[in-house]
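The chains carry the letters A, B, C and D, assigned in the order they are written, with residues numbered from 1 in each.
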């Protein structure tokens, strides 16, 4: 059976433990073999490029190199930021021999070498493309009947990729949710930015952006917002309280990782999916399944 | 060395003499190339002057020159001049060669010594080459007086009428059931706002009745053989299932036809037609066609309403009609196959196809048309509500690396026209979102002024997105257009009822294949390449094939008409000549050396090389051959030679340029 | 001999790995600024910044908060009709201003980025709680309260680990980093 | 170093694009290195690889092949054939022990005088770095080959 090089990323060990739990549970349930990369390091997220471009790429390249060393073909990241960084460093390594040379000079000091031969993928792509919606559909024991889900793609899962796919109005998340028996809503801001690290560096701006996302979801009568990235999830969920204080709103809309929704639909115990760790309770969602 | 070569070096005033020691070069040639047959080396202030030319003619007569080298400007300027001079003096023009020491030496180099040395080398190369030149005669081809015009839009119509009125026969082929093209879909035309149908219909009728025009609609060219003066085109005449000899176009059949079909071609999806139909009331010809995909009878063998109600005797509906193949002879061909509208669904953030009240320019044209699906009423998708506010989005799919890099040219004026019509007919607020307003032709800028005075709003900024997600009360139930107003440097959200996408224009989806069919090339953007972008805009690299209208690039009605007429004039010129002479730069095959391997056959883009089964050798049709020489280079047996650019000539020139000819080569 | 680089070229030079079109290609169409979700919080729109760069208004650009307000959502990049990678240009401007030590007073972005880098260099991993002190005070006492509330909430849910993680091969990792930026000799 | 090495370079141009580009460079008075001597052909597709070998064996230090941009060939697609031959040629040269960099392919449209000029100067510098081409044994080999070929061709008569 195919094995994937799994790169959890820092958040999944702290703020987003539930994403990690649910990912591993669902992967196991669907027979996806995720092998965590040994001694991986932080990819630098978005905070790194402002300091040194080359170092940013090198940090990412180290993880790619470790994965290549394991002789695996696919590099899987559940975090959109990690995914975007890995995706492009990997692509540039192939395109730009000069860059590759600089990076490998640095990696030498760590007895590593990178070729950029990995296929970098986001977790959701693996489930949809490799496992397949049909296969997932078969395994559903607790369809999320009538659950209105706002599919939130966010930014870096799609952008700045430009390959002739539809980055403005993608549909794959919707089709996954439908496969779970849920009802994807037409979520106008599904590819709009959540503010990312502005939540730290420019709180006001970030809260404003989160506010718009929450408002759109509520306007479209969504019961829950599904995310594919810990950063988005934290901004939408953890900071919902601050949005309410800032704008005098009463948002209390659950925000869940798509893996958690998959887990529920696959009949996995909520506890095993880290449900209960959120500040905005996800309980209402469970009602649809059990 | 029996040849006698004359070398003439031009000063071109100081243009050459300024950086090249002209005198020295001429003397050097006479001295160091003597053993190669140079008998005279002259320099002169202006070789192209009549005196300069006479110099050459005199030497040919008196010294009996058999070859001539003129070292001056680029051959593209004066090769013809000097070759005619030689001809006047009785020397075959193709025994004269020009080498460029101005564009390629004196003008581009500063160091006099280096420039002089290079000039010597260049001349030496010319001398070696000209030694291998052969006397040639231009190829003469008779011109068939008929012309094939492909495409019945305004450009094709104009071309056909010009030629037919001049008294020559034209065959006009149109893919759709009627001629008229895009212009027939429009309501008003900018900047004069005269009614499109009113000015187009008379021309269409003329085409229909013209004794010199054979009109083949619902037909496509599938094959083109032959060459300038003598093309043979094979045309598929698709079955109409209507007998055009008896049909009167009375219209009862499409009245009675029970099957409604959404008309995606003429009505841009906004209106319906029947399964048997003519695209519009003024269609030429007036005979309908049956659309087999949707006809109930063809689907399940029942109905036949059209046949039952057809009043003519004998009945004009014939379900057994088959496609016909016709062969047409023509001396020249004019391609005027037009353009496709940019597909706005390719830009999802503009919401076309998702948000009902986002319209394309073509939809809006139909909406404005009194004979259109809304009888000229400007209304929302519900066909009843009149919009109170409208945004017109410019540059949709144009000037954009993600779609088309080029400017579609027509959209600015089209958008201004839309703005005027909306204000005139609905009094709604109109916003034009543009990058630049481009109004370069007669009375265009004045029209822009007019729209400004009528109160149209102009926002300089490319629209970022169109959404229905309201954030403010006033945005509820509206389309929100998000754009930076670059003149005030602010992001604005404009709530409106209707959005019109001024979609750009693209080469026909099948332009490449059609180009191959006729043996002409597409440029990087997919438009057909003209022979010269400025001086020869309607001719192509393939002799006898001309282009007119949007096939050559985006353009509006006046320019398309002008090009149609221009192409016609070029064709008439050819017909008047009766016989034309072609440059004898051609490839030819030496049958004795040809192994019949057929490698060359596939290489020729003009299908000039055919394999003769009986002799098991390939042979080249000189009138089809354009002289590119690819086959010459490819022939493994060295059996193909290119006149004017033979291996011998080029190899000799190489040696000459490298001055290998200076130390006498052993015989 | 020394070449006088235009500001435009200087910025181009700090965009080493990106593969977009040069900033010079900008049509000033405003698609980026019309798209940007953070534009209200910028003192200049992204388009204006590009205009200022091309016109050589270095001081105005460096004094601007525009690029520090960029969330790197790349929406401008994928839409730009001139094919310019605007988001990466914003990164370039951040680098340039940190490098030159010239940026608007009171911005958290630079502090955040630099402490983030330190942290990763020291542990190989990022660790949210450690980040907090570097920025909280910037939000004032009220921000501190909010932050505290959020943080305790997370603590109770066991989402804030108490100890930062370190990677095993830290020494070698730091040697790798050393080959790119000076971080002092191993102690 | 006493005196700088001045390479000799043969340039093959197509009549429709690159030769006109050269003309344009002239009419707009752009200066470039005088080391390149041009040969005009109707199309880059005419380029017989043996021309290049002939030039190199005959004393040229480098050869520049120029033509219309892909998709803009006046003979529709013949420049693609030039491209293929160019790639083949580089392999052959490597086989003969000659730096393949001595042959360069440049696309230049009739409007790209500037490009023609800069590419030319750049190429001259590249060749200058490579130094003179001392085509030793290959020359003999090649010319013998040509004699043999011509002998063989005489046979039928």
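By definition in this document, a contact is a pair of C-beta atoms (placed from the backbone, for glycine too) under 8 Å apart; a residue touches a chain by one contact, two chains touch by 3 or more.
In this text the structure is predicted, and so the values were computed from the model without any measurement.
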Chain pair with more C-beta contacts, A-B versus B-C: B-C
Centre distance in Å when chain C and chain D are each reduced to the mean of their C-alpha atoms: 49
Rounded Å distance, chain B centre to chain D centre (Cα mean): 32
Numbers and ranges of chain A residues touching at least 2 other chains: 162, 168, 212
Residues of chain C whose C-beta touches two or more other chains: 40
Shared-contact residues (touching 2 or more other chains) in chain B: 349, 402
Pairs of chains, among all present, that meet the touch criterion: A-B, A-C, B-C, B-D
Touching residues on chain A, where the partner in the complex is chain B: 162, 166, 168-169, 188-189, 212, 215-216, 219
Chain C contact footprint on chain B (complex, rising order): 349, 395, 399-402, 435, 460-465, 482-486, 489-491
Touching residues (chain side chain C, partner chain B) in the complex: 21, 27-36, 39-40, 44-45, 47-48, 79-83
Chain C contact footprint on chain A (complex, rising order): 10-11, 13-17, 39-42, 44-55, 57-59, 62, 92, 95-96, 99, 102, 105-112, 155-156, 159-162, 167-168, 191-193, 195-198, 200-206, 208-209, 212, 238-239, 241-242, 245, 276-279
Residue ranges of chain D touching chain B (in the complex, touch as defined): 8, 10, 16, 19-20, 22-23, 25-27, 29-32, 34, 37-43, 45-49, 51, 54-55, 58-60, 69, 71-78, 81, 85, 117, 153, 156
